[in-house]
């Protein structure tokens, strides 16, 4: 393929995929012939445009705030726990079983208890996001630290590095790719928990707004909000993917250990 | 850290240490609740145990569970039927991959539960809405892993098979399938775990929608909503949570066993 | 060996028992090792796989403590790694996120040498090992031979009294290995007769390499790892000229006689 052809393919192919979905959607809405049951693409687009002038910015802002607080706390806690577990065998033996016990209990299962403890409101999605994002980064970080090449640690120690220096200059850089990969996994489950938490137990945010529009049977706006959830989630993942790419360039070890 | 001269703990210490910490935590938790007389407001180990015994004895938990598990299974199978062929096609044909990638990525990023209003509209509250959510959640792990499974088949194996005189059918059956299966199976494991989480979410959402209307749909999620809003039984709620966790643990452990048994050449 | 050489390392009744993490089985890696490394000698260590060569090295490096006996360095017991005992690893063990210069500087950096001094020191060593122009490259951008040169420079940056080398040339191709052997001898001071040379303990699989480089060869047996024989190599230096000579060939053949049976046995057990 020529260079122009390749560039054409890079833009045209994804566009054609999107176009195909829109066409199928349009056909489905005409077959259903009911703008509530299957709102046509154009109607949803208009709803999206109308939402931009009203609640949408505030809703997205609220969701991002939930995400920032919950994800920040969750990732921080997961990282801290992983470092604690890595620092001594005894602590690891204590922390690990607890994590393995809690991990299968999905954040979703916490929703009723969270509603009961915190009441319907912001705390529910924030708690769920916190809980959801803690485990993937914990597991990935601990695994990354455990898989640090022992010879690198030996090399640093025999070159005169103190324990602190071994941690900051060898263990952490070597584990960094795993940490970022874990952060990406965490973000994925955090996003799912955000939507679930806002829908079932929240009082603000884009997920909560989906249910709000449903109350008023504005299905075009419901569809628009659902699509916004997808686009925002995708955007967040792309952001972390870019970070992963950046880390890989700065730290060639990432390329090797990612393989 | 791994370096230095630390010795691994003995097997006995590895079991006794966390166990004793757990016992201390549970005992002080129980004591705190008893001391502050907040039973009924805050869950406590004794109450959870008691609720669990009751709910197991009268069979409520099994009824709800069988409803949820049936829906998970149907949704999971539906996800496999759509996700595996689509994933294989996307993995085999680069053009299709590039055309569908952004659409699939965006759809994947929509939390399954966000579809709840549309699903209720399309399929009604009586379980089928939840089924839609589950199938939606299960389909993407199948797509992702099947496409990756095709892409990572070692081209040298194909060349080797061709050089050894393999025809198309032999190639498909003896090289492509065994190479791709482990990864697809791993996708199935993720899909089932995801389906289980989605069913709880969907049943919760549906349950909250219909809780006020006196209708009940069998499923552990609805049961949790009922427990939350009607009975306000904290201890039962925690018991349900533990059951949900236990089921996902059992599902994953079981599938892992199956994977090791069926596909011994490579376990992911 | 005209003047009496004092001992740099002393191993007294050293034994090492591992608890296998898999099945909890006790593995006796070393037993009853009594040996001294003389100051300034080039000692090579050979033996079939599983004889505990690498274990012996890591005991002296201080990465592990022996389960019995004692390891003394300059008369004091070893209680952990120390910059005076430099180590070069199999397959390099370079820090992949540091450049060549960053790797070479690590030792002085870890010991708190100021930036200007350590940079100058690193540059000198990089030039010495023939990596000039590659200072800003990352390890994954280098060939195997260049990585090993970098690892050597990194070790030398601390000016260690003892060079502990664990099969450092095992991962490079044959031609590169010959070149690196010559380079190593040059850096050690092969040509400077009677000069103050560093002490080297060099573990290797290659018995021809063991003969060519060494003043003495420590031959280990297996199950458990123990000293089988110590061979003096009374060949003149510089050695590079002797490569392929009859004397080296004769000693190599003798060495092979010593370990052949156990090597075959080791292979048979591995394939079980």
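Letters A, B and C mark the chains in the order given here, with residues in each chain numbered from 1 onward.
In this text, a contact is a pair of C-beta atoms (placed from the backbone, for glycine too) under 8 Å apart; a residue touches a chain by one contact, two chains touch by 3 or more.
No experiment lies behind these values; they were computed from the predicted model shown.
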Which chain has the mean of its C-alpha atoms lying nearest to the mean of all protein C-alpha atoms shown?
-> A
Looking at CA centres, what chain is most distant from chain B?
-> C
Inter-centroid spacing, chain B versus chain A (mean Cα positions, whole Å) | 17
How many angstrom lie between the CA centroids of chain A and chain C, rounded to a whole number?
-> 48
Between chain B and chain C, the Cα-mean centres are separated in Å by 52
Residues of chain B that touch two or more other chains sit at 3-4, 8
Multi-partner residues of chain A (at least 2 other chains) | 154, 157
Where does chain C touch two or more other chains at once, residue-wise?
-> 63, 80
For the chain B and chain A complex, residues of the former touching the latter | 1-4, 6, 8-9, 13-14, 17-18, 21-22, 43, 95, 98-103, 105-118, 121-122, 196-198, 200-201, 204-205, 208, 224-225, 227-228, 232, 234, 237-238, 240-242, 244-246, 248-249, 252
Partner chain A, residues of chain C touching it in the complex | 58, 61-63, 80-83, 85-87, 89-91, 93, 95-97, 106-107, 110-111, 138-141, 154-155, 157-158
Given the complex with chain C, which residues does chain A contribute to the contact?
-> 149, 151-152, 154-162, 165, 169-170, 173-174, 250-253, 255-256
The chain A residues in contact with chain B across the complex are 9-10, 13-14, 16-18, 20-21, 36-37, 86-90, 93-94, 96-98, 101-102, 104-113, 115-116, 145-146, 148, 150, 153-154, 157, 163, 166-167, 171, 191-192, 194-196, 199-200, 207, 210-211, 213-214, 219, 222-223, 225-227, 229-234, 237
